[in-house]
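What follows is a set of structures for review.
In the two complexes that follow, chain A is the common piece, with chain B as its partner first and chain C second.
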Partner chain A sequence: MQEVFEHGRLWPMKKLINDVADVVKDSLFGVEAAHADLVKVDHENKVVYRKDAPIANKVGIISGGGSGHEPLHGGFVGLGMLDAACAGEVFTSPVPDQMFAATKLVDGGAGVLHIVKNYTGDVMNFEMAAEMAAAEGIRVEAVIVADDVAVQDSLYTAGRRGVGLTVLLEKIVGAAAEEGKDLDYLVGLAGRISDNGRSMGMALTGCTVPAAGKPSFDLHDDEIEIGIGIHGEPGRARVANGTAAETAEMLVRPILDDLDYSGSEVIAFVNGMGGTPLIELYIVFNEVAKILAAAGVKVARCLVGNYITSLDMAGCSVTLLKADAEMLQLWDAPVWTPGLRWGK
Partner chain B sequence: MQEVFEHGRLWPMKKLINDVADVVKDSLFGVEAAHADLVKVDHENKVVYRKDAPIANKVGIISGGGSGHEPLHGGFVGLGMLDAACAGEVFTSPVPDQMFAATKLVDGGAGVLHIVKNYTGDVMNFEMAAEMAAAEGIRVEAVIVADDVAVQDSLYTAGRRGVGLTVLLEKIVGAAAEEGKDLDYLVGLAGRISDNGRSMGMALTGCTVPAAGKPSFDLHDDEIEIGIGIHGEPGRARVANGTAAETAEMLVRPILDDLDYSGSEVIAFVNGMGGTPLIELYIVFNEVAKILAAAGVKVARCLVGNYITSLDMAGCSVTLLKADAEMLQLWDAPVWTPGLRWGK
Partner chain C sequence: MAIDLMSVAGWMKDFATQIHDNADLLTDLDREIGDADHGANMDRGMRAVIDLDPSTFPSAADYLKKVGMTLVSTVGGASGPLYGTFFLRVGTAWPDVENPDLVGLALRAGLDGIIQRGKAAIGEKTLVDALSPALDEFDANAGDGMGTALQAAAVACAAGRDATIPLVARKGRASYLGERSAGHQDPGATSMTMLIEAASRTLS
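Our next item is the complex of A and B:
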């Protein structure tokens, strides 16, 4: 079939979008229309922020990164989690001006914490934004999330990639900030979470970046990729597509080999990549739970669903966080965002 | 490539499952492992039920149907929504024994309401279960949800299909039951919701039933299907894949043509079919909101996400419920289930 360039994109592409140039913009208008009770959107800077920001004497919690991982990060803005999120173009870091704008929007006088997934562009741009903020007298600290055990360096990263642990860290640190903890305390807590969490992902299919118009990579009909990143970066190995039990083993074992979880309580997170339905994620969770039980690791809390996605990629990731009593208490604390909410 | 039958299924099939015969069973074990704080599972009858059931003097609210639509229905069991859900095999009605077992599990002496999506098998089997329960002295009433404006009859249905409105009805009626309303009142409320809600769906791709091993239907690279059902039943028309704005128009207009919404407040629900990422659903929501604003329909509440799915189908549906003050109050009431939760 002939491809034609129309509406600013290559057709055919099976997506519910208008123009490829407007994907992020249109989606943010949708978030604003749907959740006006919780958030506002600075459309010029593509920043989603709490309706009640800035909150006096509360540390502002900010994250952000390339779009295409929804609900991360904009869907996690609200009570008990993020104060603001900066949306870059799809799989592209936001620019420093966006992070700087977000920082000013949420600064309530107690400083601002930047939660940064470990990708070269994100790290550099958040650093520049922190310097710009410092020049205006806003104290900013940053925590780098680098939890992916799959590969040491990758297409987008020096060092380990930041993936699923980001969701758990945003929830827990966000809860502590809501309780009034100061910036130094939050930096320490974030560091402990970072030290105690590991992730590993896999893909059944590639994903299609709207501007590219075709899948980021092709997998044969009978193969899966183990150790994939959230931008479709290559992983550890392409293997035959086996059972969910075998796949779970290939995700959990490298995590347990990387960090000593024996005798620990964990928050276990089975995350969908965006194109995998919930019925399959619960099958994977069941296999993960069995492996952990056999390894003497106790699942104290869990999360199952699509929370840090890769557009329409089919696949999943597993994150395990060794959680102490404080982390569990903060995990249970109220959260009220578009993408994650509880707290009776 | 040669297909081989192994692990009880045709390979290759890109799913995170073990054996095709175990998809529903394994998933229910996963639900139980993940949500033991909220629900229990009767594995023999494949019934997910509230941990605190039966609740004395509260009407028991039950739904169920074929699996493959998760989180519907098992993910909606908990405080303020369902007391139990019966899981059939994928896209296959549960049998009357399952509904009868569920009815007995949740009967607290105030009767039981069956919420039934309008598919021939489901309606017949729920009726038989109600007769079995009546023989044991349990009063059962049923509400049939038939909200899909796309087609009059279909492969699985005489009359309109029951689709997205089911989610809203389960939430609202569940909240009223939690507040202690009696069975007659709930039947009346459910009827009002049924009368005032309409839906329409579309697909970008087919879905693959595990036992079939290949997509339920094929769409050309440049076409979409408008008016599709949640089992991949044919819709109204196959058309060229246009913009999200055009697609939203093709979903919303037939709904507005079918029921007079002018001047009304609505609960607007943009639902993903399972394989469509959230970033696209918010783009669709933005377009739906614009159409409704132009039509003088006020969006009082909304829901955006994957709540009534069709396995891995890419696509979405729109549901609009004309909501009165009581429905809105019940919508806002606390809900605490694996798949839907709020209520500060």
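Our next item is the complex of A and C:
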């Protein structure tokens, strides 16, 4: 067993893996074995794609990114959501060849939409893939998700990171594509979702990337990290661990300060980072709901669970999407994927 | 001829060795302000590059373009598109006659490609801060021949790398640290300096 001395103690790396080098590969074989009724896997390019792809005259919806955020993105491939997902190494953007292969696999003649989380590497690799696809006559548009309010100074940074809103956007845009909406319409819809959604996350622990073998950061027993992303990177501030009510306040308040939600209907999403039990996520959701009620924000729909994770990190994030009638109708539309399924 | 196919292949071999021997250093620099994968990612890419058989390419230009495509396909992260675009552009403009001015133009095409892809300006704590002054010095010394120009470029590149230490990052993952990114040497500027130093050893 690999052991690393760090932060004053010895950390054994106890993980359910065969070989550090095979984590992504072995996991994709598992996805294929478990969900053969829904998806196929191109193992060479590490692409999970719909069993029935390409679907004629339907816009292909693709996402992808570093692995370690499961079920995002491969777990959202299927009816009413993604047509394909590209898996990079853990926390490393996939390469353009993967997105290009995925684009060709799902192009049904109506063009392809790339859903990209706003990280420098992801944006550049998807951009190159789009250029490769354009050279072969496939029309590709991209939407960049950048919803993390923890990044305050977006003028002097690579911009806000793409986090929880990605799940809601993939569901809603995927439903619209399933209904036959064209590429231009979907780009507009995705833009509206981006404009109306915000997220904020926190961590109780760092996370351990298998190849690194040690936690990304170490918190004292009485500390939490507010404003984290989804790659084990440190956040905005380190504060004393309080009650779930106090933590919910620290997550929801910056979101409400960033966008006017008063009088609106929202889809409220409390997401687990991978290492926090559902019992705690529901406690957080209850606190979030109380804050929203007091602020005059109506929770029209909700989602609670581990959907965009950061390996074994303990913690959660809150995403609020100001939803119009169309978004709510598309949210309710049938979805049937390994990670999200209802209404079929 | 110092810019022919085998010399350029020697440049890549030297660079690959530098990356491999310093992979831990690059990863450690990246851990401080990024995501701790620059050494491993570049090493994976340059291993794939030295697996290419240069004798199967009709020209140095074609070989350099393939180096770019190989890096794009194997490195991932931000470095893959940036280094990949650099070599694709350098290869496209690489001269078939030994002329320092034309080599300078080819390298500058690579820098322009990086700036276009990464949208970074000077002073934002990226590899542009090393490569840009290096190419200015190359151009200023091109009249004295390839050897002199490349040596001047390598010195300026290293100085540019060192000058990234006090800078606050404005691009890439390091930018999320804000002021906390100051005091750390940029990993991309560090690997870029290895590339230009390798050129000064192999192409002069």
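Details
The criterion applied here is as follows: the second predicted complex is superposed on the first by the 325 of 344 C-alpha atoms of A that agree within 3 Å, B and C clash if a C-alpha of one lies under 4 Å from a C-alpha of the other, contacts with A are read in each partner's own complex, and residues count from 1 in each chain.
Going forward, a residue touches a chain if its C-beta (ideal position, glycine included) is under 8 Å from a C-beta of that chain, and two chains touch if they have at least 3 such contacts.
The structure presented is a predicted model; accordingly, all values stated were derived computationally and were not measured.
After overlaying the two complexes on the shared chain, residue contacts for A:107 are found with neither chain B nor chain C.
In the superposition on chain A, A:83 contacts neither chain B nor chain C. The wider contact with chain A, measured as residues touched, comes from B rather than the other of chain B and chain C. In the superposition on chain A, A:221 makes contact with chain B only, not with chain C.
By the touch criterion stated above, A:17 is placed in contact with chain B alone, chain C being left untouched. When the two structures are aligned on the shared chain, A:147 is found in touch with neither chain B nor chain C. By the touch criterion stated above, A:31 is placed in contact with chain B alone, chain C being left untouched.
When both complexes are aligned on chain A by C-alpha atoms, no chain A residue touches chain B in the first and chain C in the second. Of all residues in chain C, only 35-37, 40-41, 72-82, 84-85, 117-118, 168, 170-173, 175-178 touch chain A in the complex they form.
Those residues of chain A that touch chain C in the shared complex are 88-89, 91-97, 119-121, 124-125, 127-128, 151, 153, 156-158, 161, 209, 211-212, 229, 231, 233-234. Chain contact summary for the complex, chain B toward chain A: residues 1, 7, 11-19, 23-24, 26-31, 33-34, 67-68, 70-71, 75, 204-205, 220-222, 224, 241-245, 247, 274-287, 289, 299, 302, 304, 306, 309, 311-312, 314, 316, 334, 336, 338-339, 341-344.
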